[in-house]
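Quick heads-up: structures coming right below.
Next, two complexes with chain A in common: one pairs it with chain B, the other with chain C.
Right, the complex of A and B next:
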């Protein structure tokens, strides 16, 4: 072995996607359990990235770089997880709701969820309720993460939840809502299961929902 | 912005595209509430649209740009700087200023608007792309911000020539980068715009959406006449960071503190912010007043301002 596995941890923290990809590739070629890479190195690295973000040591560029490094590794690991029936902590469908094209907040949450061991299906922006319904069914999602930046698009969150109810899948998923204008009262009002005001606490709560201790 | 459009019963997409509607909305705000400013700010993509970006319009919210103009960094090499008088959305803003001047004369200050270097770079390239490129392709990020800075200076000068007394600089994305990058790379470019506006005889308002914690010293050194703060910091913290002579405006949470609040609570929140700020303070929401805000809450804002001034 010409590398140390803790370099994987370091490469995610520093956002070095080439190194994270190379180490993962080599480790898998040597038969190292892919879940060991995820659980012992990549998830702790993203936990540390989240801590630094919360402490204002990392900002958006650094977080996006770390997420990119982690994704470079996960691109190699995910096919093996599927091949050997290894389950992620949970499956999340994420998107910015209909009428809203702002995506930086949603991207940060999706990146941190992926770093936390979730499989994330990012539907992008301006996502219609029926697209969320279809994605939940297709991916058998445990959680749906809805984002909005504008007060004018917040009603789309309720329309999406209503669409889940109409489709008979409301009880199958936990609905998380977030974004600058969203708050707990609004979440309660529209019948969402959770509101969180930052990506790190969203991941912690998502893990709780999946019965994983944080 | 959106509140003014609602007040005159106009769709917001029309408000953004037709200077006559924007002017009518803001004059109605003056008549109804006695507001002390005529603003041209309506949406952040005017310059990007005139560069060639395609916008998507909505009935009741600002437009968005789904496909950013600079698909690749190399596209910057062929990007043509728009003429502020070329008949696009930048021209609409200039026409709004001219109409304000014709209608209100010199009785109420007129505020023009430009995007800051980080925000406009994001509008042209995409927020996710430019954030990554501040690290992975720093030369491009700086080249783009330089290009933007020159465009915004020209646009600001055109608005001042049309009659603007004050130019707002909106640099929303500047809150997303770390304080060192902001101080070393973003603030010097903002400063160039600030200095050019001052040289042209107008004053400067700076608004950065989001948290500006850790950036106070760099912001203080910009020499802006008015620092408009979002709701994520207390006024006391910003006052301490920027000094007693910096004029501040803000910063009540637009949703929880204005739209969903009560007149009594709004007066209490403004009193607290006012006390923390002391002198050199203008009462305002932490960002936009949401269009769904009950009128009694808007009235409460102005009541407090009048009673306290």
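Right, the complex of A and C next:
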């Protein structure tokens, strides 16, 4: 089956991961520039998904579907970007902090950031401060995205930021925090750079931080 | 006031210990009545001193599929010695993470994990590979069978135990929750089949609605049959039934549109509530965290009498407006104190002020049961918990 390239945009919006994967595979086989797929089709699609979410046309299940479709494409594109030294908008280290095993919110933010053109290193859940420090150094991250769902694990966010300071890398990264019990006041208190209450606005702010207009 | 009657109005074991100590009650290990969230049993002496007006009857098996019986000691990762069921079998990895097993069977993969610095378990998702073309709703129905004689006997025994209590009896009826995300991974099953991954389930509510309808409709058939039998046992000896803990709200929004709720959930909720209201005098209790103001009208329309936990910290959940718009048709059971901020991080005076304010708003013209917004969580300072209890007394003119 042959696809039109603009179906990539639709497949991400409707969350059709089989089609997004197939179109990407076909397009790459035809020699289309992978960055063109990202910039001209997938990023606009994820922008539209974000818009629908903000307008209450899309909810978490639709975001998850679109993120999955986008990831199916990125799985093919990412190795080529690395192979040909194509620069992402920025590099993000993401994870749920120590003691916390919840990852839906973190996964959504990671996927939306990836769909927004960032390279994301997802460390998973229950991530210790030293693991974040190591990952920031290893990947030369621009942004660290910390997630917590529990009041009992919110202190791990502060411990992680303190670990960046102790390691002398606090000024190298912007620290984003998010999760149900987290708010702006808490973010200010622990010295985070940004708090956002949903994945869509987190991506918009991450782009701003990298000097990309949204 | 309710604390301890259900798994969504409970108190973490560490907090129960602190409260027992504060009120100078007999020094003995706290019993874990709900192992998933490590809730401590609110025993009669504590209930009395706190001024609690409810008592709970819960299903025979816990969320890990075993009954609470023949208690043994267990040292928690936070160092507290508690009493747990003899089936509460755990293993610790070198990092100190604790793993727990379905039905206490350590020969099958663990179904729950508590991090070394955690205070309760989270489910371990055991998702078999999904064959999109051969999905069978029966696979998601293993836990929603017909109620056993053993389970019915358990309810009967529990009610006999509570005979003569002057507290309102809140019974949790298993199998009536449609798509409760805490139950989807089935931590009580040894080998769950079907859709068990949390994200995959949410995706299914948008992309596999026919499958979800099939699951809900067969589950509903069983629920209605079970209600017939439960009614024979419970009769008019109980006051409230906790039916469903499916969360529809996030901190800022809902998990689906009101229309999806109407299409996918409402038909089944309505059948269960209608049966109960036609055949019993029980009041039905719905739990949903989050920003569900836009769902309140639907909760009422499908026949729920009570809403919990009334998460006033979520978007659109302003207490005055909730009471004004829905207070004559819905009982608010919760909303008494914010457990995301005020209770764990506020001062006793901030707790007192919030409790007094919430009582003032929600109890106007009746229809209010005081409760914190979801369980009292670990690391809640004891002085704040006591300030909450004292403030309820102050409001009731008991001080």
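The rule is short, and it goes like this: the second predicted complex is superposed on the first by the 212 of 214 C-alpha atoms of A that agree within 3 Å, B and C clash if a C-alpha of one lies under 4 Å from a C-alpha of the other, contacts with A are read in each partner's own complex, and residues count from 1 in each chain.
The definition used in the following text is that contacts are C-beta pairs under 8 Å (C-beta built on N, C-alpha and C of every residue); 3 or more make two chains touch, one makes a residue touch a chain.
Since the structure is predicted, the reported quantities are computational estimates derived from the model, not experimental observations.
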Next item on the list: Sticking to the clash and touch definitions up top, decide whether chain B and chain C on chain A clash or fit.
Entry: clash
Note to self: Output check: A:33 vs chain B and chain C. Expected answer is one of first, second, both, neither. What do you get?
What the structure shows: neither
Next item on the list: Quick one: classify A:68 as touching chain B (first), chain C (second), both or neither.
Entry: both
Check: Which partner does A:197 reach: the first (chain B), the second (chain C), both, or neither?
Finding: second
Next item on the list: Using the superposition on chain A described above, determine whether A:10 touches chain B (first), chain C (second), both, or neither.
Entry: neither
Check: With the two structures laid over each other on chain A, which partner does A:98 touch: chain B (first), chain C (second), both, or neither?
Finding: second
Checklist line | Contact residues common to both interfaces of chain A (with chain B and with chain C) | finding: 15, 56, 59-62, 64-65, 68, 99-102, 104, 107, 126, 150-153, 180-181, 183
Check: Within the complex, which stretch of chain A touches chain B?
Finding: 15, 56, 58-62, 64-65, 68, 99-104, 107, 125-126, 150-153, 180-181, 183, 185
Notebook entry, point to check: Considering the complex alone, what residue numbers of chain C touch chain A?
Noted result: 97, 113, 115-119, 122, 198-199, 202-207, 250-257, 260, 339-341, 344-345, 377-379
Check: Inside the complex, what are the residues of chain B that reach chain A?
Finding: 2, 56, 58, 60-62, 64-66, 127-128, 131-132, 134-136, 176-178, 181, 213-214, 254-256, 259-260, 290-292
Margin query: Under the stated contact criterion, what part of chain A meets chain C in this complex?
Written below: 15, 56, 59-62, 64-65, 68, 98-102, 104, 107, 126, 150-153, 156, 180-181, 183, 197-198
